[in-house]
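Two complexes, one shared chain (chain A), two partners (chain B, chain C).
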Partner chain A sequence: MMPLLLQQIANGLVIGSTYAVVALGFSLAFTVLRVINFAHPDIFMVGMFAGLVLAVPGPWGFVVALGAGALGAAAVGYALERTVISPLRGRDVLMTLIGTLGVAIMLENGMALIAGPDPVSYPNLLPREFVDIGPVTLTLRQVVNFAICLALLVLVSLYVRATKFGRATRAIAERPDVAAAFGVDVGRVCQATILIASAMAGVAAVSVGAMYGSAHAFVGLLYGLKAFTCMLVAGNRYFEGVMVVALGLGIIEALVTGYLSSSLRDAVAFFVLIGVLLFRPNGLFGSYAT
Partner chain B sequence: MPSFAYFEPILIFTLLNVTMAMGLYITALSGQLSMATAAIAGVGAYLSAILTAKWGWPFLPAIVCAAAIGAVVGTLLALVTLRMRDFILKLTTLAFGEALSVLAFNWEYIGGANSFTGITLYTTLPQCVLAALLALYVAWRFDGSRLGFAARAVRDDPLAAGAMGVPLMRVRVITFALGSALVGIGGALQAHYLLVISPNELGFFVSLNFVIFLLFGGLQTLWGPVLGAALLTALPELLRFTSQYRLILYGLIIVLVVLVRPEGVLTRKPTGQARRLFGRILVPERPVGALAERPTDRPLPLGLVQRSAER
Partner chain C sequence: MTPLLSVSDLAVSYGAVPAVAGVSLEIFPGEVRVILGANGAGKTTIIKTVLGLLRPRRGTVRYGGEHDLLRLKPHQIRRLGVAWVPEGRQLWNTLSVIDNLRMGGFAERDAKAVDRRVDEMFERFPRLRERRDQVAGSLSGGEQQMVAIARALIAAPKLLLMDEPSLGLAPIIVRDVFRLVRDINAMGISILMVEQNARQALRVASWAYLLEVGAIVDSGPVSEIASHSRIQAIFLGGEA
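For the complex of A and B:
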């Protein structure tokens, strides 16, 4: 009884940490730029493939792949920011959603054209080993994935809280007009935000690809809606709130899979969303006015 | 040249999407851009399919019931989202659609994950033409009615509209119910043509298609959504000669429209280059202000020659 519970919680934390990275990227874009970036999950996907292409054998292979994932995703993120997001800033949120969704369709089907519509096997970047942590057994890949995602979350948290650019980011999130009046270069900070969110997604994508051993042109769909839900449930006042909700969602999903049925797993996110929207329409941790 | 049999399905889907886009247009006119269109269509589809396939009802009453249940679901959604801000409303409808999709997924009586099968083919092209014409007529009459103007007032400024005596709740409920009834009809007809309903078709991404139809065509006139639904349904088929690239092109077209014509393809007044070149011809001098917006001033075909002043 207890071991299964702990095991499912551990599995949930691993998957939840990935949700958290993608959700944080969503949340950064939405909070700072007022843009729902539906291409974000597909930037994640591009990062995954960039890591796959540039993976080299050897002990440094994984690190090189992580770097490649970050660069690939950041490059796409930059192009997206220049061509679509920047012109759409300040428009209705829905227009940005539709515009970035168009980009998402292009990215997905473009990648399906290059890599084929079926899952592609990922190079063996990490050894297949099991790690026992107390009563819980995880694969080494799961542990590495969790560690990487957690590190990314901590880094972004530090960036937002402790750097000058990060403070500017929060200022824009709260009042863009006032921030601009106080000399914050809104355009530059917005670019930096998209770049950071993309690079972060790229790194996480490579580690997820290595964890599951496969990459898929349509992998973004799975993470996109979940991450989007996490962002809404948490509200956008605290970036850390998104992380907490994403980890929580991962755990709940793992528990539902373990104790109820796996077909109900994907439903959980939406029932949570409806419940939260009904009683706390601004999210669990509150939101800035939009 | 492909035969008519090749074009018939495309034509039917186009007409059905126009029908449902009209439903969403009516709903959206009072500011409730629902993200649950596919879910409402799915409810209509499932109900009508149960009635015809499991209970042996004839087709027409099943369609009427689909419209009725659409209206009921629309009313419920309107009441739930009545006090919500714009963005939260969209999200609530989104979550509603996803929840219904999951419900259908786990309900064995209606096929569950294996989809609802065993539906008899009833839908024919003339019926779809009829449905689309009905939807167009309803939307056209609605557009120019007092209710239509009340709906626009509620959309533009609920507070001011309420202060001027527009019954906010009634307007929102009626628009949502009326629009959803049309969507329900479209869903039922579609179910009896596809002969299978899968729970996935109730989800967010299918609903989003309808929102894209509206925003692509433009929400200012009735003809925008018609154009959006017709063009974007037929487009992937028309682009078939480009085979693999067609979805990429589809995405590109959506991005370009959002960037270049943020108000949608069809707007009341010509903008940009078109305005500079043809503005004087297309926008004749007309009374400005409240008189120009009176209910008898109905939109003209194609939405090119319209009111001279929007506000």
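For the complex of A and C:
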């Protein structure tokens, strides 16, 4: 009984850490730019394919692929910011929502046109080994994925709390006018924020591709919905809140898979969403006034 | 002498609703000037336009004789030496007191200089040192106003725009705030203040503007304007 529980919690943390990276990207865009970036999950997808295409064999293959994922995703993020978000930002939130949704559809179907609509197998970037951690057994790939995602989360948390630019990022999130009046170039911080969110999604995407051994043009959809839910459940007041909720969702999903049924798994997120928003409409950790 | 700030024929609207129509005012280096007016008269609109946060429909805003502020973004205007104490404090409630103060020096490249100024503010306001790591949202109204003023001073401004610094504060704190305004001015910082507390404001200012529904209806040196019937009637509770 106990071993299954621990095993499922470990599996849940692995997948939850990935949700957390994507969710944090959503949350950064929404909190700092007031933009619901529906293209974010597809930037994740592009990162996954960038890693797949540029992966080289050999021990450095994985590192190169991570770098390629980050660059590929950041490039799309940059283009999106320049062409859609920046021109539409500050107007009705629906305008950027529709604009980014359009880009999302373009990216998904563009990639399906290039790579085909079916899953594509990912190069073997990491050995197939198992790691025993006490009573829990994970694949090496799961451990690496968890470590990478966790490192990304810690880095972002350090960035927003302990650096001057990061402080300005939080200042914009709460009061953009006051931040601007105190010398913050809001446009530049917004650009940097989208770049950071995209690059880290790209890194996580390569690590997920390597973990499951496949990439898919429509992979963003599932991650996107889960990540979006995590942001709403957590509220946007604390970036760390989004991370906690995403890890929690991963664990709950794994437990549902382990004890109930895997077909229920993807519905759980939305039960949680409805349940939480019913009682705490600003999310578990609160939100900024808009 | 060239004015430090000169606003002329300023008109600002929110959508189709005019907030300010044809306002002109100026302030010379070293002065304290006050804009008196009721809620909705357009006081904050003027301040926000000077800061570059609102775009006017017409008019000019010149700074130091040479800079056209309407062509600059807020962060560029900050670098010219303009700082702001916003209406209702508007601290970053989720940031600690010390982070709020550090943000005041965001435009300063020299991090050491910012640390030094933060320390100076802790000397001046010991209460803030005690609360340096608390989030600003947890402070009392008076303490928050101290943070808002300290934040602006850390920006080392030439021109300080103060938007209703006495709003929502206890009378005893209001006195402290106006004493502070005088001290700040004595440091050589010019102050353009917006107030409803005319009695206090007229004690520290040398020149006053009376704003009514988006237009200046009276202005002059405080020594003269304080006796004008309109100001007496509206703000000072005297006989009209």
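Some notes on this structure:
The rule is short, and it goes like this: the second predicted complex is superposed on the first by the 290 of 290 C-alpha atoms of A that agree within 3 Å, B and C clash if a C-alpha of one lies under 4 Å from a C-alpha of the other, contacts with A are read in each partner's own complex, and residues count from 1 in each chain.
Criterion: a contact is a pair of C-beta atoms (placed from the backbone, for glycine too) under 8 Å apart; a residue touches a chain by one contact, two chains touch by 3 or more.
Because the structure is a prediction, the values reported are computed rather than measured.
By the touch criterion stated above, A:264 is placed in contact with chain B alone, chain C being left untouched.
Comparing chain C and chain B on the residues of chain A they touch gives the larger count to B.
Of the two partner chains placed around the shared chain by superposition, chain B is the only one that A:273 touches, whereas chain C remains out of contact. Within the superposed three-chain model, A:180 lies in touch with chain C and out of touch with chain B [touch as defined at top]. Contact with neither chain B nor chain C is seen for A:155 once the two complexes are overlaid on the shared chain. Contact with chain C, but none with chain B, is seen for A:167 once the two complexes are overlaid on the shared chain.
Within the superposed three-chain model, A:91 lies in touch with chain B and out of touch with chain C [touch as defined at top]. Touching chain A in their complex are the following residues of chain B: 33, 80, 84-85, 87-88, 90-92, 95-96, 98-99, 102, 105-106, 113, 204, 208, 211-212, 215-216, 244-245, 247-248, 250-255, 258-259, 262. Here chain A touches chain B in the complex through residues 84, 87-88, 91, 93-95, 98-99, 101-106, 109-110, 113, 225, 232, 263-264, 266-267, 270-271, 273-274, 277-278, 281, 290, going by the rule given at the top. Taken in their complex, chain A has these residues touching chain C: 164, 167-168, 170-171, 174-175, 177-186, 237-238. The touching residues of chain C, when paired with chain A in their complex, are 48, 51-53, 73-75, 77-79, 83-84, 86, 90, 92-95, 99, 102-104, 106-107, 111, 151, 155.
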